[in-house]
Structure formats: structure tokens, C-alpha cells
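Here is the structure we will look at, set down as C-alpha cells.
By written order: A, B, C and D. Residues from 1 in each chain.
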Amino acid sequence: MKEFKSFASDNYAGVLPQVMEALQKANTGHARSYGADEITQRTRALFDQVFEANANVYFVFNGTGANVLSISAATQSYNAILCADTSHIYNDESSAPETFTGCRFFPLTANEEGKLTPQIIKERLIRSGDVHYAQTRLVSITQSTEYGTLYTPEEIKAIAHVAHQHGLFLHVDGSRFFNAAAALGCSLADISSKADVDILSLGGTKAGMMFGEAVVVFNKDLVEHIAYKHKQIMQLASKTRFIAAQFEAMLQDELWRKVASHANHMAQQLQQVLARYKEVKITRPVQANALFAEIPRAWYEPLQEHFPFYVWKDSTHEVRLMCAFDTTAEDIAGFDAALQHLAK
Amino acid sequence: MKEFKSFASDNYAGVLPQVMEALQKANTGHARSYGADEITQRTRALFDQVFEANANVYFVFNGTGANVLSISAATQSYNAILCADTSHIYNDESSAPETFTGCRFFPLTANEEGKLTPQIIKERLIRSGDVHYAQTRLVSITQSTEYGTLYTPEEIKAIAHVAHQHGLFLHVDGSRFFNAAAALGCSLADISSKADVDILSLGGTKAGMMFGEAVVVFNKDLVEHIAYKHKQIMQLASKTRFIAAQFEAMLQDELWRKVASHANHMAQQLQQVLARYKEVKITRPVQANALFAEIPRAWYEPLQEHFPFYVWKDSTHEVRLMCAFDTTAEDIAGFDAALQHLAK
Amino acid sequence: MKEFKSFASDNYAGVLPQVMEALQKANTGHARSYGADEITQRTRALFDQVFEANANVYFVFNGTGANVLSISAATQSYNAILCADTSHIYNDESSAPETFTGCRFFPLTANEEGKLTPQIIKERLIRSGDVHYAQTRLVSITQSTEYGTLYTPEEIKAIAHVAHQHGLFLHVDGSRFFNAAAALGCSLADISSKADVDILSLGGTKAGMMFGEAVVVFNKDLVEHIAYKHKQIMQLASKTRFIAAQFEAMLQDELWRKVASHANHMAQQLQQVLARYKEVKITRPVQANALFAEIPRAWYEPLQEHFPFYVWKDSTHEVRLMCAFDTTAEDIAGFDAALQHLAK
Amino acid sequence: MKEFKSFASDNYAGVLPQVMEALQKANTGHARSYGADEITQRTRALFDQVFEANANVYFVFNGTGANVLSISAATQSYNAILCADTSHIYNDESSAPETFTGCRFFPLTANEEGKLTPQIIKERLIRSGDVHYAQTRLVSITQSTEYGTLYTPEEIKAIAHVAHQHGLFLHVDGSRFFNAAAALGCSLADISSKADVDILSLGGTKAGMMFGEAVVVFNKDLVEHIAYKHKQIMQLASKTRFIAAQFEAMLQDELWRKVASHANHMAQQLQQVLARYKEVKITRPVQANALFAEIPRAWYEPLQEHFPFYVWKDSTHEVRLMCAFDTTAEDIAGFDAALQHLAK
């Protein structure tokens, strides 16, 4: 039987051909290490252009590294971070943030779409100045969210406004930031620098890179210590050029938009397919490249044989189907066929 | 003028063609993430074969990550680590080990060759069981050392013996482990599993990989928590196959030996060249791919223009020249010409 | 006007005369430091007798120290702790636990009485063995709770059972443990060693000591590292005899029961007084020495002038009144008079 | 036989009668907790007066707590601390500083008297701005030193000057600070605020208090976070008045000078006694309350039977004899008699 793509995660996908080509082109002779090379310099300038900001960019290995570096840039060890109780940073990065920064998380109950609102945040802005209470210093939101939903530029701005009013910084965990911008039809700047975000974890791996993410700092208050922490946090690559070159390929001519739009489009296709089955209930708005749906539990096993996916919430049979840059119409059709077989 | 290779560091070099090819071959469709893929499984089996051991292998992003993961596997937060005062782990990894593990370093004065001896270690094995004193739990040595010198298998065994007698573990920081084994003409196992090493940081990047190192655990007492710490320490790659594939290429048919031997040979050539200049004094035995020499300070600048290198100890004009897998006889000849020009 | 006692906290009270006397008696000549003295040895034996167990006892300075030492004895840095979202350990100890142990908290929604139940705990026992998720290793409950309510011996046993079934340890934060045992009319052992508790923070300060708490370890699996962490965590007193002597005084002839019963009794008296005011609604069962009630907000200021107390939840006008060992019937009467004045 | 005092440590001594009296006087009714009480306020004002400075004072439980709070106020986690290799902070506080602050220690070889000099410090002020190297931010010296020697006000000023020139802070570990000032015949200010010290751990316990030390901050750059860290570090006492009252007693009418001078005088007496024995060699200048001497190893046991002391360096038979506020001429005479017996 034909091998289909997995819907388990976009990190099951490999590397975009354009990115692979950029890696090969970057492999010419010697280059200074630890980010002092030309490609890294050039790519940093490209970030400034794309993000329409005088940003500070730090290339890191993976998403957890990006998030922890972001937190460490914004906090002292007695600080706390507000995030959605559904967030990746709270559920899927072990206790890396605590161990490295010493900080506390205060998880907030996200709304149905997995999003925080200014109101939800405000309710937790308590006990400022009280030494007995871990002092909240950072709000972290995910774009696109763990439910594949989106914050609009206005929503981000509103959250940034509340945060800044109370002396907090706003971090965006953007492991699927490209998918978000593509789905919103906006620029990368529109949902970051122009929306008053202070610091961004920009994901590369899930978008089609081999490895590598970037921490993009828009607020100069956060740069004093970050270069030292970048190294200390074990996220400074000696051959940085090979992360930078991948990002250069992604940002040039908006390759990111093309590939993220495709993944988003595949999720829409999947939604159309699933909507036809009465046994299936789509549970969250399909806005980026993820689809959440309740399906009969008996379908798990036969479906996963060819189309691996994650069971999100077993109690309600809610599963997550994730599309990647390389998901094809054929994969969707194959999934449809498998469903037809099960639905009789 | 022709562009020569830098002697600054072997991490200035790019990626071996065979490694680049392996990366491309690994880029086929979807693969399970976080090390559950086939290439990773296959490469782990290859490690067992090459290291002649039933080892546990954890692929990480960089050398600091490998070292900190190794320490964290062997220690509690009230423990201490013994290492050479010249070691990379003590001088070039910020305070990453302390921040992540909470442990203390007790640096030991290394001998002239940058090596620890059983005697040096024994003298610091004090106050065991005293709660006021950070309890020593790990000895870390570097192979090849920061001075480009080598521990023989017997020397490692002797250190392991002292460590184990006192309830300590032995870690080897092997960012240039391939150079060491190539220079010693021995197998990788001879200076690790067979020399009673407990845990090894095996370097890939400086040997010609794009990124990636491996933590190889030989002592099962160190595996209880390590998989959790691997993630927590921000060193678990989602697309692990792309680290594993590089190591597979390095280990197959002993590619590592071929390329490391070449780098070592270039260092020998360099030594022959330098020995001809009366203004130059070679300061350490040239055993692997590094050469240390005292040169006139006035030569720094003109030499570095075309051949970047590190000044190791400015007070004595001691410089470090590092050869890489891609250093050529032409580079050496070019350097010789530059020296001739300066020496008149 | 006469000076009344505060209802703000039992740590506003001073030192019991019997404890002060014990401190003076302990002050005779030299004694070995760091707990190697006779009084400490003697008091440890008394703990074993009182707790009907072969316990390991560590004297510490304060409650946060006791809790953090307890956590550190039971966890690795990638672990998580389950506790009530209302708990002191989560709300009133800054981020001390995270900074020192690296661990994550997963706060659970406590029931109306501020208590956890086996069911509440079970629902969070997810993702065991998943390296991406901080691995739950400890359940921490408070006895008496932050709402002045009590866990019965059976309730504790049931929680311990669930914890142990899932490979977790059970910690009791007992800063008001004496109040709990006195109110339950049971022995200290009944709600600790005999209820399968693994480790206990036993409070002395709020019960009438000058300073000092004890970590009492019942489960030998938790003692391997704890003596080292006791020192490392900055909680090992050089003149330990002066903590031990206070506990000796508290435990001898059950002084603790006498003084805690008095405080509990005062809370009952206070309840009878408050029940007479229609403007007042008692919000939690009054079981130990705390009373929670909703009172008119306009009453805060005039009442607090002579009877300081904490506003627990401003949105509902819920306040906390805490009785101490030195609260008197006269204080209650004075409060009653103040209420009468306000109620017209 | 009569019971003599131990020479093991000044923390074997109990509590000064004046301090015990102050504790009893402080025990009157309720007082606000966590340092908001009147005694604490009053004592803080007394500190300002005595230290001739607008200082910030934080009362803590013990010396390790004082030192770690001081470090945490001055550093980020990627920083390093310079201290003498003989220092208490490096040898006798487990890895508490690393675990809580994440920082690295770079131990410096102290001179014969156990002191650092500007020259020793300068030699280690390397690699500023290099992200790979833990960035030195704090110098910590001990007054009086671990060898019972003294820094003069001028020596401290000179070290402060070097530190400040290089953007470092100067910390003084003053667990025997009173002994130092008494021996120097100067004010507390002369060797702290007036000598450009940034932050001081002021010892109370060894001087005759039951427990308690103070962190005294002279440099306002260090106060931004310290109140939060004071709590977070588990060193904020709920009944702070009982630490403050002890310090008030020590500072009033310079009680500290009287008792510290006595201890210092006893060390001088001891020196005169020991100087008479040809088998004994005094190894360090006797300047405060400690005496170091080489004695025959055969004498250890018979002497320690009645006069416990620490063997400092077994290889040379060097022992430490420490006098306390309660050491008497009779104790010295008794020791003399024991020596006579051994010397025949």
C-alpha cells in the first residue's frame, strides 16, 4: 500500500528542498563560529527588514530553547509567568523553564479556542509588590495556538496593552508563527513588532527547516543579558551559519508564506472531508494547519495504522490532525477513503 | 590572494561531503519525531557495535549540552565535579553546568600537558560525608585535551579506577574524541567502554558534522533519569534523524578515522614547519590536531590577516593553531610562506 | 484603650513562656554545633516516641525551608508537584520551590473546604513516562488547610493510597499541624506516620515557638540525600540545640495540645459571636483556629483599627480571622463589642 | 574533672546573657510579622547610625543564608564570583550558592594569611564580555579571614577600588566581623561603608546570638530585587523581631566590642601559652579570635578529650583553636596544664 503522510505532527515532516539547498550553499569553506559569520549577519539584517524593526535576533536549536531563552531574558528568579493552561510551554517542555530560570508558572484557563484574553489576564494580576507571592513579569501566548486558532493583530495588541500597563512583558511562542501569518494574510511584523510584542520565539523546524528557531527581541529592555544567557542556556551553535542559512531561505521571497499556506489549505481540505461524516464532530475553529475533532474511539486504531495522529483528550475522543508543508491532496483523499471504509 | 583555511578552530570548518549526503538521504518523507525514527534506532545500534557495549545513546545539539547532560545524569545538586583548571567545561561553557545542575566545580591544576592524573585527583578526594562540603561525585577529563594532548587507554583506566574506588563517576568530554582515537591508533571502545569510562560526550561538530553530539552512557547507574533530563535540558531534537544520520555517516567504515587522521597529520606537518623557525617555540606535545607555540607578538597581526588563530596566553605569546578535516597541505605551505616573510 | 490581640496571623503572637524557659535552660555552656548536641539527640528520640515511628528529623528555620527541603528530598528537577491551588506552598512562598528544586507545580482546584480528594488527584495523574511532561512525583496537602479545615486520618490515608499506587510521595505541610491534631482529638502519629504520610513539615513558629520547624521523614526512600540538602538549602542551624529545645518543650506532656486546643477553642468562640450578626456569613467550616466570613466591606477599616485581619477575597468581602495560643476571651469580647457598634 | 570550653568553634558557645534578656523583653504580645514590627524598624535605624550610612538591612537566619542572599543581589545566573580558595563560602556552604544563583565560583589562591590582594584579583579579571566565560561580577572576602587574620580598612578600600574599576561589586563575609572591628580598634563603618564595601554579611551567631545574621547593603544598585529574594531564599523570618532584638542588644553601647575583644584577648593569651612549647609552631598571625598552630599529631587525642578543636591540615599537623565570648582564663590555664602534661 502507498505510504501516506502522518497527521501526528508537522515535526514528522522532513526538510524543504529550498532549505536543503540553502544548507548546501552555506557549506563553503571556513566561517567564523558562534554567529560571527557573514550568513548570520546577513540573515539578521533580513530579519530587521521583514519584521520592520531594529530587532535583536538569536538563533537557537529548538523551540524549548527559544522559549526558555525568552523567559530568561525577561525575568528574575522570583518572577512568575502567565500562560494558558493548554500551552505547549506549560505542558510539553518538561520543567525546563523552572529549572533554568527559577520562575513560577501561573496557568490561566484559556477560552474555548485555547486563547487568553485581556480579561483573563487581568484577573490574575494580583499581589504586585508582595514578597510572598511570585511576582508576575511575563505573559506568554502561542500563535497559532495549541488548538490551531489565531490571535488577530488587534487581540495581540490588546494583550500587550494590559501587560505593559502592569509592567509585564509579552512573549509569543511562535513555533507555528508562519502558519499564523499566512492564515491571517498579514505580515510577520503585523502580529509581532507592530502589535507591541516584546519577544518572539519564531519557529523554523515545524515549518520545514531541519532544525533551528529564532528568538527575536523587539524590546531593548530585554537585551542586556540575553547574549550571555544564549550561550549559558546551551543554545548557541558553533556553526550558526547553518541555522541562519535556513532562515534566510525561509524569509526570502516569503517562502514561508507559500509553504505555510499550503499546510493551512490542507487543514481546510481535511475539514471539508470530515464535515461529511456524521460520526465526526469538529471541535475547534480550523484556522491554521491543525484540526481537532471528536471521532469514534473504535476508529483510532484502524486510522492510525496508516495515518498516525495524537489523541488529544481521550475522555471525549478528541483527536488532533496536523498538516505539514508536505501534506498532499492525495493524503487527504487517502484519509477520506479510510474514513469511508470505517463509516460503512 | 588565495583564501586559506583558518587555524582558529575546527568549528570554523563546514560539513563533510559524506555527511551532507547523509543528510539528504535522510530527508525522505515523514519520520517519527524525538528519536523514535528508524535512522536513530539504526544509529544507536551502530554505536553499540562500534563501542562494543550495550550503551545508551542520546543525541544532542552541541558540546555544552552534551557535557551538562552528562553531569546532570551523574549528580545531585549538592555534588561537585573535579576537572582540569584548563578544561573547556570550566572555562568555555559559561555557568551552564551550575545553573542547570546546581553543582560546584573544584578545578584541579592540570599537569604541563593539560592532563589530570590519579594523584592529582586523589589529593582532592576530601571530606566525604561532610554535609558542609559539596560532595565530589564526578571526574571530568577531556580527550583529546585542550592542549591537544592525549590520555592513553591505560591512563584513562587508572583515573577510572581511582574514581570508582571513591564512589565517583568518570566523564570524558570528547569534543575531539575522534582525533584522539585516530592519533592513538585505537578503537573508540579502547578509550571509553574498555577503559571503564562511565559516560562520554562524543563530539560530531568539530569532526565535520553540521551540528550534533552524542552522550554515550556505559554505566547503567546513570540512565535512570537521563531521558527526562535530555528533554528538560533543551537538547532533544524533534527531527532527531538529522543528527543520527550524520553520526551514522561518521561511524560507517570509520569515516571518522580517515578525516580525524588527516587533521592530525596536518598538525604534524605544521609542527615540522614551525620547528624550522628559531623565533618559534613549540610548547606542548603535538599529539592530535592542535599545535601550541610561542611566537613573536609582532607576528600576530600579519599572520592573522590570512590565518586566524587564537592567542592562548598573551603573557608568553603562546598561540593555538588548530587543524580541521579540510586543512590542506597548501594551507600549511601558505602559512610557511607567511612565516618566512616575517622571519626575513 | 486596651490593646487587643490581632486576628491577622498566629505568627503575630510571641513565644510561649514554657518555650522561653526551655531556651534559657538550653543555654548552658558549650554544645556541639549543627545538631550533634545532646538536646537535639534527645529531642529526635522524643519525636520517634511521639510519632510512633523510626523517623528522621531535620530541624529548620521556617516553614518555607521545611517545605522546600521536603520537596527536594522527594524529587528530581524534571518532576512536578500536585497541590491545592489555594495552598500556601503555591501562593505564599514566592518561587522558592522552583528556584531550589527546578520542579514544576501543577495546582489542582481544591474543593469548597480547601481540600484535595483522591478523585481530584487521580484526574491529574497523566502522561507518566512522557519525557515532554514534567513527571508528577509528589502530592502536597496542608493540615490544617489554608481554610482552617481538617483532613481526617481516613482522608489522608486515602490520598496516600492513591499517591503510592502511582509511585508518588505524600507530603503534609503542617505549619498548623498541632491545631489539626488537637481539633481532631488524635495523636500526631494518627495523621502522619499511621496515615501513611511520607514526609511532614511540622510547624513550630505559629504554635508558639520563637522560630523553627521540623521536617519529619517517615519513608526511608526519602533520606538518601536529605542531610546534604538540609545544609545546602541554608536551613541547618549552627546552634541547633535552640530549635530542638523548643520542640522538646512543645512535645513534652503534650504542651502542643494544650495551647493548640486553646486557639481552636477561641475560633469556636469567635464563630458563636459572629453567628449572631445577620450581616456576617461564615463561609467555611470552623474546624481549627481560623475563621472565614463575609462581612460588610465598610466594616474592614473600623474593625482593623484594633483587630487587624486579612482580607481573603475582596470581591466577596471574605475575611480571615486567625486565633493564636494567646488569644483571650477578652479579645473575643472586645471584637464582639466592636461588631455591635458597627451593626448598630 | 571540671568542664572546659571547647576550642572547636565559636558556634559551640551559647547565648550572651544580654541577648537572652533582649529576647525576653521582645516577647510582649503581638507584633506584625515579616519585619514590619517596631523592634525591627528601630534596629534598622540603629544599623544606619552604627554603619554611618543609609543602608538597607535584611535579617536572615544563618551565615550561608546571608552569603547567598548577598550573591543573589549582585548577580545574574551567568556571573562568576571571585573568592579565596580557603574561604568559607567556597568550602563550607555545600553548593548552596550555585544551586540558588546559578553562578560560578573562580577560587583564587589566597596569600599566606588567607587574604586576597588587588593584584591577585586583577590577574583573574579576564575575558570580560566573552559570552563563553562566566562573567565575573562579585569579589567576596572574609573579615576576619578563615585564618583569623584581618584586612585593614586600607586593604579593603584597595580591593573595592579594583572591583569597582572593573564593574564588580565587593562583598564581605563577616561572620566574625565584630571580632575584626574589635581587633582593629575601629568602627564597624570603617571596614564597611567607609571602605567602599557594597554588601556585608554581618554575623551574629558566632558573636553570641542564638541565631541570626544581617545582610547590610550599602550600594543602592543592589537593592532592586533583594527584598523579593530575601523571601524566596527562605531567609525571611515571620517573627523577625526576635532576630532584630538580638542585634539591637549587640549594637547598643557596643556590646559587640566588649565581647569580641574578650574573645580576641583570649586568643592572644592562648598564643602566649603556646609560644612556650618548642613542639608547637604558630602558623598564622593571631589577630582576631583564632589561633593556628602545628602540634605533634600524638597530642591530638589527649588534648581533644577535654578541649575539642579542628584539625585544619592533617598533613602538617596544623590545628585551629577558636576562642569565643565565653572562653575564660581558666580554660586557657587548663589547656596549658594539658600541654605541660604532654610535653613532659
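Observations on the model:
Keep this in mind: contacts are C-beta pairs under 8 Å (C-beta built on N, C-alpha and C of every residue); 3 or more make two chains touch, one makes a residue touch a chain.
In this text, all values refer to a predicted model and were calculated from it rather than measured experimentally.
The interface with the greater number of C-beta contacts, when B-C is set against C-D, is C-D. Of all chains, the one whose CA centroid is most distant from that of subunit A is D. Taking the mean of the C-alpha atoms as each chain's centre, subunit B and subunit D sit 42 Å apart. Look at where the CA atoms of subunit B average out and do the same for subunit C: the two points lie 51 Å apart.
Taking each chain's centre as the mean of its C-alpha atoms, subunit C lies 33 Å from subunit D.
Residue positions 77-78, 93-95, 99, 102, 131-132, 228, 231-232, 236 of subunit A are each in touch with at least two other chains.
Note for the complex: subunit C touches subunit B at residues 34, 72, 76-78, 102, 131-132, 135, 225, 227-232, 236. Residue ranges on subunit D touching subunit C, taken from their complex, read 3, 5-6, 8-9, 11-15, 20, 23-24, 26-33, 61-65, 68, 93-96, 99-100, 205-206, 210-211, 228, 231-239, 242, 308, 324, 326. Within the complex, the subunit C residues that touch subunit A are 77-80, 91-95, 98-99, 102-105, 107, 131-134.
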